[in-house]
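Structures given as structure tokens follow.
Two complexes, one shared chain (subunit A), two partners (subunit B, subunit C).
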Partner chain A sequence: MNENTPGAVPSGERGSGGPPLVLPRGKTESVARLVTVFGSLGSDREKRVHYVFDVGEAKYWETMVAASGPVRSIVPELPSAAWYERELHDQYGIEITGHPDLRPLVFHENWPEGVHPMVDAVNQVPWASREYRFLTVQGDGVAEVAVGPVHAGIIEPGHFRFSVVGDTVLHLELRHFYTHKGTEKLFEGSLVNAGAMIAESVSGDNCFAHAIAYSQAVENACRAEVPPRASAIRLIGLELERLVSHISDLGGLCTDVGFSVAAAYATRIKEFLLRASADCSGTRYWRGIAVPGGLRFDLESRKILGLSQAVSLAARQFADLARVILETPSIQNRFETAGVVSPEVARDLAVVGPVARASGIDLDVRRDHPYGHYKSAQFEVPVTHYGDVMARAKIRIKEAAISARLIQQIASALPIGSVLAPLELDGEMHGSSAVESPRGELYYWLEGSDGRLTRCHIKSPSFQNWPAMPFAIADNIIADFPLINKSFNLSYSGCDR
Partner chain B sequence: MTTVINVLQALILVLGAPLVSGIVSKIKAWIQRRQGASIWRPYIEIAKLFRKEDLVPPSASWVFRFAPKVLFGTTICAVAFVPVVHPSALLASRGDFFFLVYVLALGRFFLSLGALDGGSAFGGMGASREALVSTLAEAPFLLGLVAISILAAHADIAGMVMWTLQRNVFDISAVHILAFTSLAMVVLAETGRMPVDNPTTHLELTMIHEGMVLEYSGPSLALVEWASAVKLHALLALLISLFGPWGMASTVSVWGTGAALLLYLAKVTVLMILLALVESVVAKLRMYLVPDFLGVAAAVSALAVIFTTLVKG
Partner chain C sequence: MIFEVLERSLQQPNRVIPVEALLGNCDGSRMPDVTSARLTPAIAQRLVEVCPTTAFSMGELGDRPCLKLSYAECIGCGRCEEPSEGAVVTAPRFTWCGLPKANLARLWDLESHTEITPPRPNPEMVRGQIRSLFGKALNIRQLDAGSCNGCEAEISALTNPYYDLERFGIHFVASPKHADMLLVTGPVTRNMAEAVKTTYEAVPSPKLVVAVGACGCSGGIFAGSHAVVGGVDAVIPVDGYIPGCPPTPAMLMTGILEVLRRRTVR
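Entry: the complex of A and B
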């Protein structure tokens, strides 16, 4: 596959293992955007490494190399691959040459060395005590501040190791994966039809996007066509999820700067939408609705129209609220210039979603790699280049309005018909799919045979965006970290899987 | 009889303090269109904490245990200087306003020591920020009081209040307005309210006061919480008695004292509403803008002192 890509550039000559991977070119950049790197086992349990790139075409570019021996790292060319290769090293024990930092990523000090869950049995793993070395910053007056994994508020666990001089952050090291649940392992051997339920549990507030990405991957593998009514309702669910998520994010930003009235108002709008969606679909977060092939049950058109009216009301109220928030001087002072992600960093780390679009990277799976009902939908993709908290807030505000418009558009012209297509699950299957979740590009890749999965990889936008956080916080004061962190709004559970 | 009233005044400030915090929270909840917790909640909270176990970090020394008691003691001591319904106070003749300012500072100092002694990163961070805020708040706090004391030619709080009480409401000068502005800003900073500190935050990295008390639990925490509430109430009462004492009972009588008490409740309610409004309409300042905020307070209080020459002349 890689030979026939025009203008491919060979990977560097560092390291010793394996033939150099030929990296594809993007449309404008010298190297295409990396989507994900993951491992799998072949039919004879031989290790393989898959690389997925976005080369600027509707279809993702995918290649695979055998990994019986060491594999050469692509990190020197593509820093965005750093965490993926570390994960590969943890999961499969594949030696990677030329990687600058191969400390354990997914597994902590209690996980024994040499146990690789995607290859070995993990029923009884002994408790170990390994050593993890944090990067130390040396110099006069440099202090280390350790935060988490248990926080003062009720939030997900993650450890942050700051190196500070006074209140200014020099370096931040992330230590996550406290909520690693072995979801990719859990998929192995499970029924293809039941997989959507596992996918839904990866990241609670993006459960519909996960279920759709999984279902679409299965549908692509079976070459099944989803009935138009089902794909229209899926679009409504996906946009509703984005709308709720963005409203909640703006409220969260206000909470973090103590602007409690706006925060309370945003929470009220969010709750209103969740109740409206419970009225429409019987579930607040659209759990248990998507299945491979379409939807588990049809939703009444009357109720969808009701939801659409609720969305229009909520969007109007949210627009008013957003205007008040953006016009408040003390908010402007907090949001502007805080936590800047430069376009260079964003490109190097291949960040996705609102974080990328706030840093000048014009990227949206819905438009660039259209799926389902988005193939015919009309919508714009807001992009700005400031890359600060304010830019991310504004991108979310604009996207919320666009989502609300899309929902009303689709709800007013809902196709009729069945909502579930039959799937042919016999034999070998292999498929992938991407969805623009509220946090950005979500990519599922799966392989199965005779109705059972053999491998399912999840590229979550949070996994992709977390490494950009240390760059955003550097040179800011430590007291601004919660705000900057909130403006990324990354999922720990989705990252840790 | 005066002693009885003075004891009563101190009791109002100490025992009524949790109610003040509860009401401010309630008003804030109303502004957010929430129902909010009961106004008696802080009492329940403090009573609950007194019944709980006091956990001390293994690395902590006696300073950690001692600090909440010192904080509470100094706060009570400060209360004994603040008139509420009568222009007198328990310790009025035993110290001037300098004593009031520094007895509060002593409490903060010990709480900072306790926070450092607790050994957590957030305690240290909170303590260093508290030191910054209190250092910068000291100048406007003192200068604001100096301005009034120059006018009144008295250095004790009760004397200053008595002088104001003898003036007409319409005799308010620019000095009063400036001094009130600066002292009101100081109250926000001193009591850890918005926009200087967010008393309701759960984000440990942004905390000032809450960061310092993060390691405290049980009765120690109860003392700290109660002392914070008392400090807020006492400083509000100080603002009222310095800048709006009219209605206080100048003679000792049951009826006069009762009427003064009712008036005091009305005045403190107005201040609570103002506080809740301020806390609702602004976002918290960036940490490095807090010095600017207090710098403005200091400049305003310096102006107040300068203007005393004009008013007197």
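Entry: the complex of A and C
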């Protein structure tokens, strides 16, 4: 075994006493879950590869290998690493041996070969015209349907290449990263306090979760203690974001099956909450509120109570709407058995969030790696195992109700005091943090020195979950794709960054 | 089942916000406004330093120092309020939506404490003009050129029962070939540049292009990234700009109607 091989070492030999990280397939229950793989540069600008695993007992376990030479792929053992290693290959030019598919992921035909933004200077990158080879599916009656990047709706861009026989999808190939904005590179050199604004622009509808994950990573690096009032208000913001997102998703599912009345109800409830949110915090999506150390400003308790009342009303209306939707026979017909993600696929691809919980994977960062006010909060984590559109819809309905209860619980017992703790930013810093965003586990890892960032990596739940989509759509009819896609509710921008 | 749905519909009050209450409304956007009388050269300098984009910048008009606020770059983060000693406040109203780029910047003379922004060619809409916009049809094709999805969330909200854009005969259409207006969000990424041009070409003439959000107007917080080409006008011609990060539905509506008015009300 190559010296540069991560994992694959049984417990004991590593010295840290961790569990075996990589076992043969089939024994996946005992494998630690891969969280992310990313690169960085050492102080001598030597390339490094970091591997982060969730090893249970509220611990993330990180290991690093030097990558001056080729690094052996872990994809044969952990398929969930496939996109991460392709990204490493693109961004750092790290040679990965044994990877089944090292086509460019992040960069398209226009990007010249051999330019790696995380290592090279990229001020004036010439436009190239390279070739991209899609997988081909052959056989009698197989046709290709190419969709995107521009889609017929108010949605983000991405390309889908379906291979179909009649209406049935044999294979879906994803081609994303149309919204790649070089975000991780933008963090480099940024002031630590300004980084929260970049984090907020990674995925616009989950901006508060990103701001919190970023801020917590800084706080962990500086060993800063966030004041109780700030962490309570953060919890309210995070749960509100989840509630709004889940309401919007259920409405979107109704839109995609032509149940427009229910869809309009959902948009009405969502808008009611966004307006209540603007009344409370001055911003509809809680932008510009979270900063490393706490919050930029305090929110009045009176206004938070007002928000909590609005949440209570919205949650009641949503529960009523959800009951009507779930009892509608045509909805049951469309939702049930559509887009199944089996527990095996979910585990192999290490999916996270509601998609994982709908496929029997009991995983929630709020409970498993508690942070901030979640350490003392009481809440359940719903899990079901059918893995179809209906399962994902039901998980969201249950979580919305739980989020609403959490908001009311915390709002009724808000701590008093300041909302911003001072940060000690001098010297070297290194920290990471995870947050359960509405789409699942969001993980930030950063390094900096003297108040400026040198590296910030974002593991977004969408990047993790997109590769499971082709498995969910296979054997379904192509007309169900919008519905199945919506039931995942993945962010393109969060994935592409 | 359908009767239960209908019963609920009948129980709901009408939520539609009158257009007069929407135009110029910017609640929840935190766009900044400057109080001229409180502005000093020292405060102006601090605003330039604290701004994470280049929305605030110093300039000179003749030999007099002046402060420039370009809404195209502003992401509404509110960080300029703290060091401003009251010179910057959250704008109670915001009407810089749907204007040409030249009209998106404001200027203040720091010696005389007065705003010296050149007047806009068209004043704000009056009631009669609003009415004249009804009864026409406009088909909009929304195009994401690389946005974070924040603008999309707010654009989708335009069709909800509060804003009901359809009351103006404005529809979102699925194909650029059916569109009169392209509503483009996001900084144009390298990977989307070609698709943006192709989509623009597919819209039949005469066509309108509106750039949405700080990113669409200027590249916003992503300006200068190696993976981003710039704002929408770096790739295709733009008729009107709607600032904000993201612009609220009311700001979007103000901007769309403003662009429409410039085209139809002469």
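Here is the rule we go by: the second predicted complex is superposed on the first by the 469 of 497 C-alpha atoms of A that agree within 3 Å, B and C clash if a C-alpha of one lies under 4 Å from a C-alpha of the other, contacts with A are read in each partner's own complex, and residues count from 1 in each chain.
What we mean here is this: a residue touches a chain if its C-beta (ideal position, glycine included) is under 8 Å from a C-beta of that chain, and two chains touch if they have at least 3 such contacts.
Just so it is clear, the model here is predicted, and its values are computed rather than measured.
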{"item": "Touching partner for A:N123 - first (subunit B), second (subunit C), both, neither", "value": "second"}
{"item": "Which partner reaches more residues of subunit A (counting touched residues only), subunit B or subunit C", "value": "C"}
{"item": "Touched partner set for A:R268, first subunit B, second subunit C, both or neither", "value": "both"}
{"item": "First, second, both or neither for A:G258, with subunit B first and subunit C second", "value": "first"}
{"item": "Subunit B versus subunit C as contact partner of A:E184, first or second or both or neither", "value": "neither"}
{"item": "Partner chain in contact with A:F481 - subunit B first, subunit C second, else both or neither", "value": "first"}
{"item": "Which superposed partner A:E447 touches (first subunit B, second subunit C, both, neither)", "value": "neither"}
{"item": "Partner chain(s) touched by A:T328 [first = subunit B, second = subunit C, both, neither]", "value": "both"}
{"item": "First (subunit B), second (subunit C), both or neither touched by A:E399", "value": "neither"}
{"item": "Which superposed partner A:A146 touches (first subunit B, second subunit C, both, neither)", "value": "first"}
{"item": "Residues of subunit A at both interfaces, subunit B in one complex, subunit C in the other", "value": "152-154, 261, 264-265, 268, 328"}
{"item": "Of subunit A, residues touching subunit B in the complex", "value": "145-147, 151-154, 167, 254, 256-261, 263-265, 268, 328, 330-331, 333-334, 477-482"}
{"item": "Residues of subunit A defined as touching subunit C within the complex", "value": "107-108, 110-111, 117, 122-123, 125, 149-150, 152-157, 177-183, 185-186, 194, 197-198, 201-205, 207, 248, 261-262, 264-265, 267-268, 270-271, 274-275, 277-278, 282-285, 287-288, 296, 320, 324, 327-329, 491-494"}
{"item": "Interface residues, subunit B side, partner subunit A - complex", "value": "28, 31-34, 121-122, 125, 194-195, 198, 200-207, 210, 214, 279-289"}
{"item": "Residues of subunit C that touch subunit A when the two form their complex", "value": "1, 4-5, 8-9, 12, 15, 27-30, 52, 75-79, 90, 142-157, 159-162, 172, 174-176, 186-187, 189-195, 199, 215, 220-222, 225-228, 245-246, 248"}
